[in-house]
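Worksheet: one structure, shown below.
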């Protein structure tokens, strides 16, 4: 299968995920500013985080497939697994928002991100195996420090969501901070990848 | 009509179907892990199955149209019939999940899959008639053993959903097992089709 | 603006309209077959009709723009007006279904179709004015008998929805029949248009 | 990153935003015409306005990227910021409609438009910096009088939404009028931009 079709389908699914999430925002029944914060404050904050995650996945998904010309059957299913994990994000985001950052939903949200990172790892490994150890893709990915740090931060967030007790409700905010830190980390473009993509474009 | 437009429209519809299904997952009102399983356990399991089905339909839809260069008016309407059947899947999945695998919804879900298989058969027959009996498409489809086994398994699932009584609630799980078996069967790529697609790409 | 972008955007909007309609189907809270018919019977029937309408609009939209190479600002806004009218169809369909074919919703559904037909007429007129009276587009549209018959049938349906009294609830079914008749009429491809499209493709 | 992928993704997101808004329209539980106006009247009016806004953003987004050939990382994130702001429009529209144009929701709707205008300004500035002060893009944008007038009108609308008291409920209608005025202002195509796009197409 050509990558273009897989990319177009993945793009469409990601565009829908990123947009339907807004349908889970609770419209306040009251008419004043305070109710907006009370009813939808957590919803807006978590929507922003999940929007950022889907945007990042979209961006890095492109980078990855830009250096690949064909996809095997294994890559196809690994990609669908990743899309499945990401498609659950509107659900876990909604649970987290509706319970105003309760412990269990925050843990499950982190688990969702962790599983999506795992699916990305599987996808990336399959692409590398297909392209070879001396491919432009392999070199562009490099040591992938961020890819190794992310699961650790997800786990730290998940643990602090469940282990750190209710006084002051510090646990949930540490968890959210961990998840947000991973997102911010991935916003910075990977120079090695950018260079590889430019070279692939030029010839 | 060129196949590219039909494919793009079908892709978009399938991408939306696969993604809006997640909106039918019930967000638990409680804050604990147990409520997630109780409220959304059946929803997540059936969502996974339906996601797999739409992904499979997307994949085989591409294979089919890759070997065709133009579509007649009949093919167009057969394709829309297939999309209509598949667009009902979020609805039948939601009924099955919300009633926690009750007998009637499981039967209707199987019926939905059976009718979609029928629409696929009609679409395939029309494409073969258009392309001719000695076309690459005809050879790639071959004897289509899976296409003949699937309706039998759907029917077996539908019957066990309604006929096998409530003790231990074995019937619904046999039904789900049949439906899942068909999905797993179609995950395996068809070698003859893959070869035909590669040949079509190369020359 | 090139037609390709306008077509891609219109395709996406139509694909979303056709698919999100299924979210308005009411999932029965009960577990038996009877409740499916009682709760969702009208929903399924009206969904089928609206699906057919969107599919027809998608099909004829393509035919129209296939014979045009550029779009003026006026065409752009006429097209957006048409998309706006069609985007209301999920709403009017849901009202019609939830009230089980009450008089007012049936009238409003017909009005929605009538206004969409009006927007199509405006769009078509603008395209003809842009292309000229001796253009391939003008000849392909021809006398457009169906385009003249449709509003009459919509009006007949709307009137029978409100005027024919409740005994036996004949009025609503006559109205639905009128709307369905228009849809069936447009399923048949226009030979003159098909020939023009083939000629445009060939050179 | 090539602009084509960014444009395709933005198009998909805008197409979804413009269409899912219709899901927020409240389907009247009653069967008569009066209830349609009472339940959905404000919803329909505000949907029309927001539809117009998304259509305008889609149109001008295209114009902008038509004169650009590559996008930097900064442009990518500025574009995602704009999409995020616009994706909130279904939510703020729904709040405004459900509260029948209450003061706070009208203010927040104006704020949403203002922030989206700000994101557009950032995106435009980044594109100009990338393309240079003597680029076709820079000349096409010109003095951008409308871009300077819009925030003033948004602010006027927001202030009249909160400051002008309840007698006769004049405030909300002045606010809506301001927001509608901006939309109408942007419907008119920018001649300088159109000429630049035509020139870019021709050579």
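Read from first to last, the chains carry the letters A, B, C and D; within each, the first residue is number 1.
Heads up, the rule we're going with is that a residue touches a chain if its C-beta (ideal position, glycine included) is under 8 Å from a C-beta of that chain, and two chains touch if they have at least 3 such contacts.
On a predicted model such as this, the values are computed, not experimentally measured, just so you know.
Asker: Farthest from subunit C by Cα centre, which chain is it? Let me know.
Answerer: It is A.
Asker: Same or different, please, for the subunit A to subunit D contact, judged on whether over half of the interface numbers appear on both copies.
Answerer: Different: when the shared numbers are divided by all numbers used, the fraction is under half.
Asker: I'd like to verify one number: the distance from the centre of subunit A to the centre of subunit B, where each centre is the average of its C-alpha atoms, in whole angstrom.
Answerer: Result: the chain centres lie 27 Å from each other.
Asker: So what's the Cα centroid distance for subunit B and subunit D, whole Å?
Answerer: Here subunit B and subunit D have centroids separated by 38 Å.
Asker: At least two partner chains per residue is the criterion; list those residues in subunit C.
Answerer: 8, 12, 16, 20, 23
Asker: Based on the touch definition given at the start, go ahead and assign the chain network to line, ring, star, complete or other.
Answerer: Contact pattern: a closed ring, each chain touching exactly two others.
Asker: Which residues of subunit C touch subunit B in the complex?
Answerer: Within the complex, subunit C contacts subunit B at residues 8, 11-12, 14-16, 18-20, 22-23, 25, 27-33, 36, 40, 44, 48, 51, 55, 58-59, 62, 187, 189, 194, 197, 201.
Asker: Can you tell me which positions in subunit D touch subunit A when the two form their complex?
Answerer: For subunit D paired with subunit A, touching residues are 1-2, 5, 8-9, 12-13, 16-17, 20, 23-24, 73, 76-77, 80, 83-84, 87-88, 90-91, 94-95, 98-99, 102-105, 107-108.
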